[in-house]
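I am attaching a structure below and will ask some questions about it afterwards.
Think of it as A, B, C and D in the order they're written, each chain with its own count starting at 1.
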Amino acid sequence: MLKLENVHAAYGPVEVLKGINLEINPGEIVALLGANGAGKSTTLLTSAGVVATTGGQIWWEGKPLLRPSPDVVLRQGICLCPEGRHIFPRLTVKENLLSGSYLLPKSRDAAKLDRIFDFFPVLKERLQQLGGTLSGGEQQMLAIGRSLMSEPRLLMLDEPSLGLAPQIVQRIFSIIQTINKEGTPILLVEQNAREALRIAHRGYVIVTGEIVLTDTASSLLNSDEVRRAYLGEDE
Amino acid sequence: MPKQLFLILTLLVGLTFAAGCSKSSDPSTIKIGLAGVQTGNDAMLGKSMVEGSAIALDEWNAKGGILGKKLEAISVDDEGNSEKAVNVANDLVAKGVVAVLGHFNSSCTIPTMRIYNESKILQITPGSTNTKITQEGIPTLFRVVGRDAQQAEVNVNYLFDTLGLRKLAVIHNSTSWGEGIAKEVADLWKKKGGEVVEFSGINEADRDFSANIATIKSKGAQALFGGLMYAQSGPLINKMRKDGLEIPFAGGDGSFDPALITAAGDYATNVFLTFGPDMESKPEARPFYEKYRARYGREPGPYAIYGYAAAQVLLTAMEKAASTDAAKVAEVMHKDTFQTAMGEIAFDEKGDLRKTYFVIWTVKDKKFVVLQQ
Amino acid sequence: MLESFIKSLAGVPWLELLITGTVKGSMYALIALGYTMVYGILQMINFANGEIFMIGMFATVFGIALLSSLWGSFAAINLILGVVFAVILASAYGYGSERIAYRRLRNAHILAPLTSAIGLSIVLQQFISNVVGNQPFTFPNYYSDPFAWRVVTLVQGNPATGAGDVGISMLQVCILTTACLLMTALFYMIHCTRVGIAMRAVSQDRLMASLVGIPVNHVIAFTFIVGSSLAAVAGTLFSMYTTTLTWSAGTASGLKAFTAAIIGGIGNIPGAVLGGLLIGIIEDFTIAILGAQWRNVILFAILMLTLILRPRGLLGERVADKV
Amino acid sequence: MSTPEATPAPAPASGPAPGRATAAPWWNAFVPFLVGLVAVLVITFPFIWLRFELQPSGEVYARWDVKGGVDFWQNMGPVCLIGLGIGLLAHAYNAWGLQRYTDQVWLPVKPWTQSLYAPLVAYAVIVAYGFSGHMGFALAPSPTTLNLGIQVGIYMILAMGLNIVIGYTGLLVLGYAGFIAIGAYTFAILQKPDFIPGLPWWAGIPIVFIVGGAVGWLIGLPCIRLRGDYLAIVTLGFAEGVRELAINLEVTGQTSGILLRNASKIGLAPDKPTILAWVLLLVIICAAAIYRIYHSPLGRAWIAIREDEVAAGAMGIPVVRMKLLSFALSSAFAGVGGLLIAAYTGFVSPDVANFNNSVTVLAMVILGGLGSLPGVLLGAGILYLLPELLRGYVDFEYRLMIFGALMIIMMIYRPQGLLGTSRHAIELKGG
């Protein structure tokens, strides 16, 4: 579906991506692993149209992806749920969710909301509360829910477990799996490599802007190199 | 820093020189400066005044000039701004004018009159009515309009004596002209034993007068005097009548413009303005009005004839003095009586008109008519 | 001096000033809404909003003139279509100003869009003053006079002094109704529609709004269009009320409307309305009590006091970005 | 989007990417420009080509005004072309990386003693030239030239003062004319018989400097902590307030202003070359003082605040006090400029506090270069002299419009001004 081909990107004079090659197939969960500053988030931001490429090509369903601005990318079916959640703090939970379906037919809103409440029942209780007053876990749920409101055909999640309690992380990961099983491929960027690889089908390892390793999730989980570098386990 | 500064200073000196010398002038002509506001809110008043003077200069040139030389008009725009007025005055001095017809606004005449005086240049202002101007004691400064005090007197006499009113509200536009005349009126009114119930100044940009009207209404004024230009007095009259304030409105020469009637529409009733006599009905003025319309293709502003008359006085005096020297011409001007398009003009020792011609005008059937000669 | 001041208080026509102040204030509020909306969404002062108000004035008369030349003097139809014409043209100016002067500076230092906005305001003002001319223009009496009749009489006049009755005229009723309707519609739009949610989302987090699929540029342009339309309607009402149009009206009213927006809490829509009404009423009472010459001084003092005592404004939700 | 998901991406081995080769003909870049032009033509159309005429009945009709329209474009055509040219040049300047080379020329800072030589030499030359009329030199400057030189000098001082607060500290002041008026009125009031009737102008300078600074300090106190745009509005309101106060107070002569008595005694000097010499000397003193302040710890603190206020505060710079200081210094220099205006014209009226005056000085700073001393001097010279040069060619009415357009164009294409440094450009564009 999504294919990055030798993608370069830079912030001013600093080149962050130095030729990323990456592919996501329908129905997959793909994990993108790497150290801080390796370029994981930049890869997502580039795909979402926030950061411009300086070289290479991004393909989406066989055509070049149009990326003049993030909303155009979203309209083609790619949704990024960025790091740090970025809930609109002074919108209510319901308004936060509805902001995700701007430009989509209103008639489908109710059904989509019901689906999201199935995933995250807690949001239903908080419907009229301001987004900024939610707890971190609830905000993450709201962020994922908001992304689902735009009916993405590819969901990119950036650090969904950042700063959350382990219990909530477990729940969020299981919901990610459910979403995937219902047919949405997911590109997952995670610090928590072990959890990510547990639910992912495949994984990429990125080091200073280049993909150095790619394999199925289970073999990555067992690879010595990955264990040493990202799972924090000594041999 | 040094290199840059040097470059910049060189550039600027070059520019200054270019700006200062851009227009060289012909030494064989007698140069007359025509100064007035030609941009901004009062543009049309100042412009027609300058154009009136220009017509007179052209007439003399057609007759063969003066003292054997052709006249050259140098028309400048002071933008109604005192600082710019000083600039254009310096400019005129630099170009070697022998006399200046201008400026229009009192706030421009006051700072420039000294510049002309220092450079021994004769000045006749066709439009500035502020009383202060002739109190400086400059022997080569004249004006062909009345002073605000004279104008105020006519106004007050009419309201107080003829109409028998006692309570007056005064409003002005916070310019030296508006405030000047408003103060004269208020002082005279008090001197006569009347009561000034309200005296306030508004801004020139103000257009909403509802609160002023409410205040005047509550103070029980029997008449309103406005030291306003026509751009404000028209809407003020309109609003007054709509808000149910039917008292007479009196104003000075600044309100005297057909635009006042357009703005007030059907509500232009009970309006009394002081202005010069009906010039157009005078036989000596008629040729000028015809000439102006033929040349510029529009109606002359109220000050066009003042500009014309000022030029007539100046040129006649120069011919009589057989000189362009300011002191000599001024001597003639103080002594003689001149026949102009406005009628006979003579100056007193201060440079003011000996006899002024302010009359009361009113609006009838959407036209200005003389009420009282 | 104090004695004369108290004496002057006694004769103040409270009722009439309250009416005129509210009417004027509701027009200020309409302009202030444009400032506050743009500030809310872009955190910049759209200086040119006052000029858009002025362009609205002239556009109305141009629209009416054009229509009456085309098919004659149908007062009601021409007036309504004239307002529509003004709204469309002013919106075009508002959109154009965003496109030309602000869009490229959206991420720049705060000085850049502000300077550009001042430049734009000068350009628009001088443009109108140059092409339309400096002489005063009158709003056609044919259209404004029919609104002059008094709906309610509150105080009987005094025939001895020539002062007529105090009341509310049809035009004042129309102004208040229009302003109320527009403000309610705006409030509804911001809080109960998708565009409103999108606008608030953009004002809180522009990048995130874009990531959830909100076309940020369109929403910002739409904000400018709404603000300009309100200013244009205010322009029509103001020129009908004062019967004149001037090229300098934008600066004078714009500054007051902006003060209103700050006093109410900039970025806050009910605040702008409250601020507008307050400014209108305070201005009129200052004229009556202290004299017209002091009103801008008083308004400036109020602005300073607000900034000292309550920088976020009366209804401001958060501290006004103390940096 | 309609392609089946399973289709693998066809990766072309060579040649440009599909969809790109056909979509970008050479004229593509001009499309937005042309669309914009057409849009501007359409929305300005009614105002330019139509006039409305009020009938006596109160009805209004429209008529075509071909002459007015043609006149407008005759005036505006060249202006538009000049604006477009400036924009394109600035664009090219930025796009082609010329900035680097000019930085190499402009940036090096030399010891200040050295930097005084050239200005002093230039000063000596100009003053000698100014006096050459007394020695019968044929090409001596005319009074107009001298007058312009003096006025430019005064505006240079004003622009340098405004530059302190806008260029160095990054705060926008819109009511600079208010501070100019404070200086002018202070001097004029001191001249009155009840105060110090014989006060010479040079003795007034320290007084207006202190008074101007104090007023700036007082005005800045409540609002300097707030966002920059609040300060802009407050100063705008302040200038308006000063104007109204001047109109209303007895001591300022109300609307008729104050006419300084015995101008030749208390005015700057008896003749113009001497005045020019004094004013230019003041320019040099002010420039040297500001240059020294800018290269002192104080100046570095200002720059730090401009670049990043939070970081500056974290580093221990007293942000509020530094900002206040720059604001007060700027208004102090405005006071000096105001004094010169008052002493030179011999007349002070409420017009001094006009918004137009603020805009003129602001445009000088923005055109010349925010934060660049030579740039500001150049800006003051160009913007004061160009209108004088253009007098008679371009109507005054279009001048302010050009100033406004200039501000927009400069902000979009070259926010650092003509001689500004690229450091400022990064700050303004990327901040």
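Just so we're on the same page, contacts are C-beta pairs under 8 Å (C-beta built on N, C-alpha and C of every residue); 3 or more make two chains touch, one makes a residue touch a chain.
What you are looking at is a predicted structure, and each value in this text was computed from that prediction instead of being measured.
The chain pair sharing the most C-beta contacts is C-D.
The chain with its Cα centroid farthest from the Cα centroid of chain D is A.
Put simply, the C-alpha centre of chain B and that of chain D have 34 angstrom between them.
Remark: chain A and chain B have CA centroids separated by 76 Å (rounded to whole angstrom).
With centres set at the average Cα position, the gap from chain A to chain C is 45 Å. If you average the CA atoms of chain A and of chain D, the two centres end up 49 Å from each other.
Residue numbers of chain D whose C-beta contacts span two or more other chains: 54, 58, 244, 247-248, 395, 397. Touching two or more other chains at once are residues 138, 141, 145, 251, 293, 296 of chain C. Within chain B, the positions touching two or more other chains are listed as 39, 174, 201, 203, 262, 265-266. Within the complex, the chain C residues that touch chain A are 194, 197-198, 200-201, 204-205, 207-217, 317.
Note for the complex: chain A touches chain C at residues 48, 50, 69-71, 74-75, 79-82, 86, 88-91, 95, 98-103, 106, 146-147, 149-150. Interface residues of chain C, counted against chain B in their complex, comprise 11-13, 16-17, 20-21, 23-24, 134-136, 138, 141, 145, 148, 150, 157-158, 161-167, 169, 238, 241-244, 246, 248-249, 251-252, 283-285, 287-288, 291-293, 296.
Chain B meets chain D in the complex at residues 1-6, 8-13, 15-23, 39, 77, 79, 81-83, 86-87, 90-91, 93-95, 106-107, 110-111, 114, 118, 130, 132, 174-176, 178-180, 201, 203, 262, 265-266, 366. For chain B in complex with chain C, the touching residues are 39-41, 43-44, 167, 171, 174, 199-203, 205-212, 214-215, 217-222, 230-231, 234-235, 238-239, 242-247, 259, 262-263, 265-266.
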